[in-house]
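Chain IDs A, B, C and D follow the sequence of writing; residue 1 opens each chain.
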Amino acid sequence: MILVWIIILLIGTGLLAWLASGWNTFLPRLISLVGTLIYFGITLWLWLEYDPGIGSQKWIISYTAEWIPAFGIQFKLVMDGLSLLMLLLTSFLSVICVLVSWKEINRRVGFFHFNLLLELAGITGIFLSLDLFLFYFSWELMLVPMYFLISIWGHEDRIYAGKKFFLFTQASGLLMLLSILGLYFIHGQNTGIYTFDYEQLLDATMAPQTAFLLMLGFVVAFTVKLSTVPLHSWLPDAHTQAPTAGSVILAGLLLKTGAYGLIRFALPLFPEASHQLAPLAVLLGVVSILYGAKLAFAQTDFKRLVAYISVSHMGFILLGVYSFNEMAMHGVVMQMIVHAVSTGALFIIAGAVYDRIHTRDLHQMGGLWRQVPRMGTMGLVFVMASMGLPGLGNFIAEILILIGSFQGNFKVLTVIATVILITATAYALRIMQKVFYGKEHKVWEIPDFGIREMIVMLSLTSVIIWLGWNPSSVFRLSKVPVQKVIQKINIPEYSQGEEMERIDRDNIYNVANFLDIKYVAINKGNQAQKIIKEVNNTYGRRTEFETINYLPNSPDIEQAEEFKKRSSKTE
Amino acid sequence: MEATDIRILLPIIILAGGILFTLLLVAVKRNHLLTFICTSTTLAASLITLCCMTYEKSHSFGDLFLLDRFGLYYQGLILLSTLVVTIFSYISIRNFYPEKRKEEYYLVLMLGTLGAAMMVVSTHFISFFVSLEILTISLYTLISYYRERSKAIEAGLKYLILAAMSSAFLLFGMALIYSISGTMSFQGFAEISFPLTSMSSVIIVAGVGMMMVSIGFKLGLVPFHMWTPDIYEGASSPTSAFIATISKGAMLAVLLHFFIMADLYRFKSILLTFTIIAVLSMLIGNLLALRQNNIKRLLAYSSIAHFGYLLIAVIAGKEIGLPAATFYITVYIITMLGAFGLVTLISRSNEEAMDIEAYLGLFWRKPILATIFTVILLSLAGIPLTAGFMAKFFLLTAGVEESKWLLAFTLVVGSVIGLYYYLRVIVAMMKKDENTVPGASLSRISYYAGVLVLIILGVLVMELGTSPAWLIDVINGLP
Amino acid sequence: MNIPMEYGLLLAVILFCIGLAGLLIRRNIIFMLLCIEIMLNAAGVAFVVAGAAWGQAEGQVMFIFILAMAAAEVSVGLALIIQLFKQTGSLDVTNANKMKG
Amino acid sequence: MKELLWLIVTLPFAGALILAFGGRKFPHAVSAIIGVGSVSLSAILTLLVGFEFLGDTTPFLQVAWQWFDVYGLSPDIAFRLDTVSLIFIFIITFVGALIHLYSAEFMWKDEGFVRFFVFMNLFIGLMLILVLADNLLLLYLGWEGVGLCSYLLIGYWYKDPKNGYAARKAFIVTRIGDAALAVSFYILFMTFNTLNIQDILTAAPGTWSLGSGIAMATAFLLLGGAVGKSAQLPLQTWLPDAMAAPSPVSALLHAATMVTAGVYLIARTHVLFEIAPTAQHTVAIIGAATLIIAGMSALYQHDIKKVLAYSTISQIGYMFLALGLGAWSAALFHFMIHAFFKALLFLGAGAVISVMRDEHNMFKMGGLWKKLPIIFWTFLIASASLSALPLITAGYYSKDKIIWLAFASDKGSVGLWLAAIVGAFITALYTFRMVFLTFFGKPHAEPTHRPGWMITIPLMVLAFFSFAGGFIELPQNMGNLTLVSDFVEKTLPVATLSVLQPFTELIFQIISSIVAIGAVFLAYILFFNKPFPAAEPQRNAVQRFFFKGWDFDLLYDKVIVTPMIFLAMINKKDIIDQFYTGLACITRQLNALLSATQNGQLRWYAMVVAAGAIIILTIIFFP
């Protein structure tokens, strides 16, 4: 029930803020600050309450109510470790957003905060809803307020940017709706139960081609949100034109909904199909990483540069997700959070600079450090974070994704992706060079960060450093959900016996994926036993292991042999 | 003709009586307000009687009429929307129509309503034709009612010529069918069976095709859509609303009746033509509206697209198609009434607020109206929290279940293009208000009455967008 | 003596086509009205023929209705035409094109 | 005592933190005390820990907390103290403390005094993490961290864009090496399912056959990282530009500690290199090549710091040579000695530059030996040590060991030996060229003031070490004192020799001594009291080539940088975005086309209706 209350709280606060704007402009700010703080408090409390022990059971909290029975549509909100993390992030950023727009927004304050909070409500809905219809509902719902945020309070090109954002996401969203419906009917016709319930749809069975097509619908929607090349082109405009709070939410949360969708829906619903898609997806991920970095390096508009950094970072998520590796997946979860913090902070800094010198053009900046050392220091921290400097959260995320995906089937691509370490340095240092270092074009007479801004920045800094030195606090929550996904994706259940011919027939990816398991078993030396045991216990598939080791097209038989020797010895 | 028949026909009888009474009243004493009250009471009365009725079994009058829940629902819809139209007509006539003789308008309006109300329950070519013509001919008058305005006359003429032409097609089609089948009732048409290869079948199908010309014309489907923008622009907003909601809605009901009772799903070629028409309508309608600056024309074009969407449900078939179409048309009628009512309220004394200029900065001048309009536009675009989303979802469900993927994808493409122009209007409303021309010189009471109605409609849209369960249940209750 | 239905229908078709062609060709609004009348009557003929063929009355009933409808239509039409003539001073429909785009 | 290991690391961080937050409020003196004090404290602690460690040299592991644990990768935040890391932390803290003291006076007037100390302390801390880390990930943390500090300190005087660009160059170039390093982690984890250094070192020989491809790849990737950090061929180009940093920085980062991280890395992962002989041989070759190339360039510099920069590169070349020969102890010994005298040289040079009003050009100095006696004498000792004057200087013992092993080690060869000996000659030559130009001849300008005690004391201390430091490790034929090698070989294997006659070694020692002295004499002839034009002399192509550091910059600029920037700039507008714009444009055209059909002509409308009817009928008649 508390989940419902959270959403009600947000919407209610929004309406209240709107109404309050009748009296004066201060009240709405205060109200929404209080509201978001309460939200943050609740999530923090949930976080402290959470203990991994109960992670084994299905969900932490869940709430279900009938909505449109005629279609088997439920109002189903469910929270597990992953969504809890996302909620923490959302609530944290929501407080930040209210604070950063404290002085920046002066026109139509009430309506602004109404949209802000409605947006947050929609996002929260996405992270919680486990009924596909409800998910799509909130997915579309969060577009409208964001559209308003961009095209009312944005910069010069706001109208264009807003429309572009709306059209891109809407188009992809409708495709996803088609897929959802397709899934709904296929499952319905097979089982006779017409429902949008995620957990029931999980075990829908269908022909590989159909599955692939349906999955494409989801993946397109999610990759558009994730702004994967070549579907990214809405992002730079939207991020650049949005007001600071808007940019923060876009970079911090909207993009994450895409990643979340991939982990929560695209993979578990279509395991085999995902394996078919994996090579392309990983390729696109790597392309986005490098292409985004390249474009970021070329930009002269501060916010646009940061926007392309986002593209690059989101590429990591695609790479990590589709290498179907637990470590990479943890890295992805981490990336979702740290990218939100670091890029959000960069946008805040960009906004602060814009407020003070009224330009986003890098060529007109320079030598700011002397005037605003605090801002400079903060800029330094987050620039370093965004280039993945160890000691800051981003490093953990990136290194885990890279090492993890290297364990998977895409070693070469991973190595290519590593080039980002160099290109990232290039664009990141460019920011420092152009903004804070170098000659002053004119003698700036501008105030440094004030108390409010310092509170914001320091909280962000402490988070990013905390995550850099003690990421376990995240993995503790993400462990269970991630492992669920990995199990679902990596070991598709087959009845015994049909194994071999199934493999021989078409899906080589399952072979590759079995081999991967075998690698785990072989390479993990000491861990071999553990893994074999748990796999066998869960799926009673010792036979499979044998067959796999003797697969005709197994790349290295001798390793398989060695593995057999070792395992037989230890038994 | 025994008592039950009378009871069942009561709404229509009341309506007819009301018309006669108003006729006499106008003859006796010309008074705008009085006529308005008389009209609205008549409509309200027949509506109430309608609601009081409960059809356990469907009740047919020979082959001519079949009064079942389906028909009842549509009649209620029509009466209700006519009531709203009447209110806005009063506002618009009172404010923008200095000329004498305002009263006949209501007569014709009710006549049209009568025609529509009969049309939706007609199951026979004759009854269909007659009621259709009652509706159409009263439409001629309504459209060109402001006869001093050249646009009105032009619109009237265009509509007259084209409508007459289309009725000619309709009649000829009917004649062909009749000549082969020897019966004019939908039911009979379904019963006759013949080898579908023979010449006769071709003639039958040709007849249906010619009827489709007329039906397509009334629904404003491509390629019979040409008239819509001009007529919408030429006629006064309430009249446009009348056309957009009642005449089209009634025609849709007949189409559904015809399709289902006469079981046209037998003829692949007809389904094919309908598919083509649907695709064309969705694409061309949206494309035409893309950069339209005249709100009424824009609504006209978007209506083309929307009826393109509706055809998906029609094609999808009885089980899911019928409820989907019904739900969609209901939502569409609500939104359209809201839209045109809004145009009426925004308008300034001398001319209606058609140009998008008139909407600049509406958000900050008239927040309530602007918000309602935004909701309506979003509903037309099919964004969640509004009824339009649920309706579109319903349609897609129908399309996907019958695996009409082509149509479904076209709908997606169409609604993405559509979103663009709806957003244009919203953006215009959000722009800083350059034009500081004072708002409509409407008399206070009527203005607030209008706003009230709009608020009700807006709330209804939101309500259906969030918890449509009850309406869906009602509709699934229809046969 | 009885004529096969096909002939009647053929006649109707021909009439219909003549009417349609006229409607499309003529500029003068009055003539357009007339052409429409021809089309309607063609349909009427078809009904009568079919009715006769089936030995039913419906065909003729329908014809009556068609006549009535045509009359009403023409009356409204003429009224409009008069207004049009008042405003444009001609009967050429091509003048009536204020609304476009 | 050992338990205080963590404190050694934390103290500099604490200092940095305090300064960073309260810094601007304190008076200079206080910040100086905090900055210098924190480092000195950890230096003292190091000594204490070190002495205790000498007693019992079993490696000592101190785990702070578990960093994270996912999917088998569970690195700790843990410090591992063994003989090698002890040597390193000793140098880092000890030399670091001295340099801090020096900077306290050197930077006194600078507006960013506090910022300077923050960065310096940060650096010390991170460097300590680097050398104490017990797993590669933590090592990588320090590795990147010191890179960052180097960036910040090179760009310390940020107002001049030139410095900024130098800083960027340094960071990016080293980052190339880091990328290679990262890739090596993937392979290591894939194979050993851990990144703990000791576990890998123990498991590696069993898992990888000698010279197997994967081992080779790993070794080369590690080498890539080392090469980047230690400014060896082909990534050496950043170090000369890094001289834009203040002199203390050059002394600490770019001479004594940071640049030797590569040496540390290879020494740490020596097992992997022994499994991959080709890679190890490459290390030797790279070292040899670098020491020659850099030495040649040093010969032609005018900027005193540039001379030292190139000399650093070439000296690290010697260390790499030693590593390549498997002479681990020799490498570390030379690292130690080099840290002393090179730091001293930089500090001395810095002092000279500062009293000569930021004059870097040696040709504009001269005759300073009377005016700045302390600086002169210390500088002279360091130079002697650098050019390995026999018997008396520490440099002699450390370098000569390497030269000897270049021939004598089983991995050695005549070629390597020749390179080493030629390098030695060049070294001595440019060193004394520098000395003579700077301190002798007729003065071009007057020094403004004499440096105070905070500058002179560190100089003298370092001078003592770079003179006396050599006597703790003597060749077998003269005293055969092997403190360092014994100490080191508790952790690293012993260098295996192929030929083992004392007298052959003696021959080689004599040769190298002669070479060194000869070079000094040559320098005396060429440069002593010669009247040189103060202006930049005309150079012929060859001189230019050497002066420019063999035009590596030019090459990279042409081959890599320019194309990259070009690529980035041509597609600034993001071609993909253009595609969508085109799509929108097409839609607009369609709209225009269709609107044209709505021409308001009744007859046209009727025509369309009729056409539609006909189309429908045709579809029906011919399905």
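The rule we apply is simple: a residue touches a chain if its C-beta (ideal position, glycine included) is under 8 Å from a C-beta of that chain, and two chains touch if they have at least 3 such contacts.
Just so it is clear, the structure is predicted and the values come from calculations on it, not from any experiment.
Asks: Looking at chain pairs A-B and B-C, which one is connected by more C-beta pairs in contact?
Replies: When B-C is set beside A-B, the one with more contacts is B-C.
Asks: So which chain ends up closest to the centre of the protein, judged by Cα positions averaged per chain?
Replies: A
Asks: Counting only Cα atoms for the centres, state how far subunit A is from subunit B in Å.
Replies: 45
Asks: Distance between subunit A and subunit C based on Cα centroids, please, to the nearest Å.
Replies: Inter-chain centre distance comes to 66 Å.
Asks: Roughly how far is subunit B from subunit C, going centre to centre by Cα mean, in whole Å?
Replies: 26
Asks: When the C-alpha atoms of subunit C and subunit D are each averaged to a single point, how far apart are the two points in Å?
Replies: Taking the average C-alpha coordinate of subunit C and of subunit D, the gap between them is 97 Å.
Asks: Two-or-more-chain contact residues of subunit C, please, as numbers and ranges.
Replies: In subunit C, 20, 23, 93, 96-101 touch at least two other chains.
Asks: Which subunit B residues reach two or more other chains?
Replies: 157-158, 161, 165, 229-230, 292, in rising order.
Asks: So which bits of subunit A are touching at least two other chains?
Replies: Within subunit A, no residue contacts more than one other chain.
Asks: All pairs of touching chains?
Replies: After working through each pair, the chains in contact turn out to be A-B, A-D, B-C, B-D, C-D.
Asks: Using the touch rule from the top, collect the residues of subunit A that touch subunit D in their complex.
Replies: Those residues of subunit A that touch subunit D are 164, 229-230, 232-233, 236, 294-295, 297-299, 325-327, 330, 367, 369-370, 377, 380, 384, 389-391, 395-396, 399-400, 402-404, 406-407, 411, 414-415, 418-419, 421-422, 425-426, 429-430, 432-433, 436-440, 469-472, 475, 479, 523-527.
Asks: Within the complex, which stretch of subunit C touches subunit B?
Replies: Going by the criterion above, the answer is residues 5, 9, 12, 16, 19-20, 23, 29, 32-33, 36, 39-40, 42-44, 46-47, 49-51, 53-54, 56, 58-59, 61-62, 65-66, 69, 72-73, 76-77, 80-81, 83-84, 87-88, 93, 96-101.
Asks: Using the touch definition up top, name the residues of subunit B that touch subunit A in the complex.
Replies: Within the complex, subunit B touches subunit A at residues 364, 378, 383-385, 389, 393, 396-397, 400-401, 408-409, 412, 415-416, 419-420, 423, 427, 430, 467-469, 472-473, 476.
Asks: Which positions of subunit D touch subunit C when the two form their complex?
Replies: Spelled out, the residues of subunit D in touch with subunit C are 595, 598-603, 606-607, 610.
Asks: Subunit D touches which residues of subunit C in the complex?
Replies: That would be residues 20, 23-24, 27, 93-94, 96-101 of subunit C.
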